[in-house]
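Both of the next two complexes hold chain A, though its partner changes from chain B to chain C.
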Partner chain A sequence: MTRQKRSHHKLKRAVAPYLYLSPSLLIIGLLMLLPMVTVIAYSFQNSAVLRRDPSFAGLKHYQAIFDDPVFWASLWHTLYFTCMSVIFHMTIGMVFALMLNSDRINPTLRNILRVLYILPWLFTAVIIAVIWRLLLEPNGVVNSILMQIGVIGSKVEWFSSPETALHAVTFANIWAGYPLFMVSLLAGLQGIPKDFYEAADIDGAKAYQKLIFITIPQLMPIIISISLLDFIWTMQVFPLIWITTGGGPIYSTEVLSTYTYKLAFSSYNLSQASASAVVILLISLGLTLFYIRYQKAR
Partner chain B sequence: MAEVVLENICKTYGNNFHAIDQLNLSVEDGEFLILVGPSGCGKSTALRMIAGLEDVTSGNLRIGGIDVVDMPPKDRDIAMVFQSYALYPHMTVFENIGFSMRLAGKPKAERKKRVDEIAKTLQLTSLLDSKPANLSGGQRQRVAMGRAMVREPAAFLMDEPLSNLDAKLRVQMRAEITSLQKQLGVTTIYVTHDQTEAMTMGDRVAVLKGGVLQQVDTPKRLYESPVNAFVAGFIGSPSMNLFEATLTGDELMSGALAIRLQDAAFVRRPGLRSYAGRKVVFGIRPEDLYDSSLESGRKYQTIPAKVTSIEELGSEHIVHLNIDAVRVDSGDPDAVQDFGLASNAVAKFEPVSTVRSGSEIRLALDDAKLHFFDPETHLAI
Partner chain C sequence: MRKRHTPKDRLITVALHLALAAGLFFAAFPIYWMLSSSFKSNTEIFALPPTILPKAFTLEAYAAILGDPVKLRFFFNSYFVAGAVTVLTVLIALLAAYGFSRFNFRGKGSLNTLIISTQTIPPITLLIPFFGLVVSYGIFDTYVALILTYLVFTLPYAILLMTGYLNTLPRDLDEAVAVDGGSSWTALWRVIVPISLPGVVATSVYTFLLCWNEFLFALTLTKSTSMRTVPIGIQLLMGQHAFEWNQMMAMSVLGSLPLLLIYLVAQRYFLAGMTAGSVK
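Then we have the complex of A and B:
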């Protein structure tokens, strides 16, 4: 092989991987990177989108949203909504997965429960929002049952009262989201060798000790991965809150996504909305980096 | 330490499958008993019933004189080594070995002392902080042993503990487990499907087939005096050659084959005379067949055979042969592997043998080593 031929071959080998990657890189660039960069650029401009030659605004819009008490309330609501959702998704998912994996439950009943438990996953956010709006209506089923069993004395306006609205949307989101944990943990449980439990039985482990010393450590990689993903996804939830409460009443269910949406499409303050979006992006990015580092460490 | 007694133990599954049928077995205090048999013979089920991991359908089971049938595993004072070792991957070697003590709420200092002692015995001291994933197969096996030893149980139960190791390590671990058992003197029941393990490790060997106990005896007696054709075929490697022949006078006749029997054969087995003029199953071990060209001094009688293939192992030659007789199936599913398609007999020749594949030879046999079985019941005559 001549020297020229050899260097041509080397070049081909060096370029080939990038050629294979180019279609996906092009799509990611156009659909993800370009909008992201544009939003970041908008956040530093005055009257972004609205004017053809917007002027540079520096950190003015960031300053504005950080001075806005509604932004801080939204951030707090987002954190509450996300943390409660992830904790309960995990707890309920774990309890149901353990039930479905238990030999003590009749196999037919187990199959029925498996279908029932997974139902919330089949509904889109809009359907879930409609279902819970109907159920939690002042004249709805939930109030009626709670009054009949004496838990509440009068009708509660779950979505319309500032005291209960955030809890109500969080509850609806918990109901909608636990099946992901349940299915993932069930798959994990089925992968734990039976020998581990039999060895523990011989060693004298009680049920709770088997859960603490075997089941949870064995499921830990799944618990951490799914929790991080759920955290990232739940932080960005928009349709459920928008359809049930629209962020109200009196900002009591305002989360970062509804706050940003309102800035952009109610107030037409696209620059400030972009700044808010960049804040969400940074929080999500931080969590994503944490997730990637965890996955790499494994 | 304790005696383990199984009386009329039965195990029937929901689909009416009898995994174990009327198993009677008594393992003495400090004894090393091997439960052996082909796949699906019920040996692991029997062990799991002793451990309490399977319910006993009927029968009595006593460990150290105490009826344990309705006792949970933890109260039976046994320790078990699993085929997979069942080591917890998220725990270190120290934590794995000390797990039962941790469950029992033993103080850390006591745990450390005991685990250190065991680690020293098993040469695991330098590995106490390692996770199972970083250990070799043999080290994992030792950790599993350590976890069983830490409890100082009345009996050890081992379920094919060496089957995940490569051949060389298996030989080494076989010796290690045997000497450890002798050192500790703990009653041990060891399940295996490998008859070499059974023959080399146990004080006594119990052979199971289809959930029914065939014979319990010392390895030597199992080899020399199998009670039926199944045990004869199962014990020994390669398996015993079993053929059908007609006993005519003092001769076994089959096709062109004639084997003359000496009076001693009839003296040792008075029942053999009653088979005169009838079919009988005779068996001869591969190691009792010789290359006649090397055995002129011993005056063995010879029979014609055709060599179909030879496996040269260095220390010996495994020679596959075809002789003019109908081979009898011992009922051991693994035995089939010893015979090729074209052969019906196998012999072990000394490495100096010069026989070649495809050649017609005279096969010398030691007729004093013949075994006889009833053609119907397969019981030894």
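Then we have the complex of A and C:
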């Protein structure tokens, strides 16, 4: 190669990665970063989207949200829904993974059960919502079984009484989400070196000691990163709640996403909805920063 | 060494199998109930005591769904949008992944962090500005609106998945092309793409699923019945015929078929995609 050709080649190598990345960056920039800036701008305007020349509103819309008791109720429901979901996803996922990983069960049975235990994960949120509405209908199969075995005395309206609705949607979400933990923890369990357990056997360790001192510490990185992701994603859940209860009855299952959606598309108060959306964004970003720092520290 | 066949040991094995059975009931009963209800008549669904197997097996619910052009249109829309987004996503992500995997450049680390962090942006936050944009560009209630917005959510995952896959391919392959004087573009299409099929399949599967499941944007950015996708169709069915549970279950079964089929046929790729966000 001549020198000129070589420097030309070098230049091409330097520019090439940006060219390959340009379509993606264009889309992410125009359709993700720009809208994020836009929604922040909307939250400081009066009649955002609806008027061409909206006036500056300052922090008025944030003030309105923080003065709204429904917002605080939504925040609390979101926290309850998310924390319970993550805790039970993790517990059920762990128990199922440990059971499937046991050498007491026959490998064929293990493979069949693994496929069946993953099932809830394969269904769309809307379909999960519809299935649970059918199951938890006042005249549905769950009430009928529970009454037969005497757990409840009369039909419970799971989704339409304020006392049970939040627990019912949380339960449906727990059912739908544990397989992510199960699959990840199973993969993690298979990666723990066998000699750890052999060494513990020689020392005469009991099963629960092996679990506490070997298995759980070894799985800790997976548990922490999946919990963080699950927390961020569960916090954003919309369709499951929208279809089962729509946030009701009397706001008893209102979460941040349904609260924001109603502000925007039922009340057409897009400015206030933007302020609420920015609050959700900030919470998510905070958790995401935490997640990324954790991943980098590993 | 584990001692076998002591009475205590047998007891543990039996208890474990009982627990597995309980787990199976928890995981699979709701799905079984959906399936069996879709083959029942509407009155049998609420029969007391509940019938575990359909007593009078009927396909009437499926006939009602498949014989209704409005409902078939929901399926067409879902397949069309998910298919289009999948093709676009895989192409664009492949280019970006190639850039990430084979080049060192300024800003690589921060771009990578940016892409990882976009995965966690709440859809509801983007919904309001998207609504504003879609209305002002006159694409409200069109396929274009759905395809463009879905791309934003599928691309970050697809780039991470594809980069991860390309990183597993030996670099000597494309370096050989460079030694022969070929450009990186030639190396990409002649060498990398032909051996990237598993990565492409995993990415496609995951992208398709994300689109197939999407609800919030389809709900907000489309309006006419002819533009609605399956998840919205199910919700509409619920509003219109609140008591036609067998039809709702049949539509749910039909709406779950693509996911179930992909899972059964390509389990490995499916799991690779589903856990992609979390193992990164």
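As a convention for this text, the second predicted complex is superposed on the first by the 277 of 298 C-alpha atoms of A that agree within 3 Å, B and C clash if a C-alpha of one lies under 4 Å from a C-alpha of the other, contacts with A are read in each partner's own complex, and residues count from 1 in each chain.
Note that a residue touches a chain if its C-beta (ideal position, glycine included) is under 8 Å from a C-beta of that chain, and two chains touch if they have at least 3 such contacts.
Just so it is clear, the structure is predicted and the values come from calculations on it, not from any experiment.
Contact comparison for chain A: of chain B and chain C, C touches the greater number of residues. Of the two partner chains placed by superposition, only chain C is touched by A:39; chain B is not.
Touch criterion met: A:195 reaches chain B, while chain C stays clear of it.
Looking at the shared chain after the overlay, A:205 reaches chain B, while chain C stays out of its contact range.
When the two structures are aligned on the shared chain, A:31 is found in touch with chain C, with no touch to chain B. Within the superposed three-chain model, A:213 lies in touch with chain B and out of touch with chain C [touch as defined at top].
By the touch criterion defined above, A:286 reaches neither chain B nor chain C. Using the contact criterion defined above for the overlaid structures, shared-chain residue A:162 touches neither chain B nor chain C, since it reaches no partner. Chain A residues 201 lie at the interface with chain B in one structure and with chain C in the other. Touching chain A in their complex are the following residues of chain C: 1-2, 12-13, 16-17, 19-20, 23-24, 26-28, 30-31, 33-34, 37, 45-46, 48-50, 92-93, 95-96, 98-100, 102-105, 108, 111, 113-118, 120-133, 135, 148-149, 151-152, 155-156, 159, 183-184, 212-213, 215-216, 220, 230-231, 234-235, 238, 245, 248-249, 252, 255-256, 259-260, 263, 267, 271, 274-275, 277-280. The touching residues of chain A, when paired with chain B in their complex, are 193, 195-196, 198-206, 209, 213-214, 217-218, 220.
Those residues of chain A that touch chain C in the complex are listed here as 12-14, 16-21, 23-25, 27-28, 31-32, 34-36, 38-39, 42, 48-49, 95-96, 99, 102, 104-105, 109, 113, 115-127, 130-135, 137, 139-141, 144-145, 148, 175, 180, 183-184, 187, 201, 225-226, 229, 232-233, 235-236, 238-239, 242-243, 256-257, 260-261, 264-265, 270, 273-274, 277-278, 280-281, 284-285, 287-289, 291-292, 295. On the side of chain B, the complex with chain A involves touching residues 51-53, 72-74, 78-80, 82-84, 86, 88-91, 99-100, 103-104, 147, 151.
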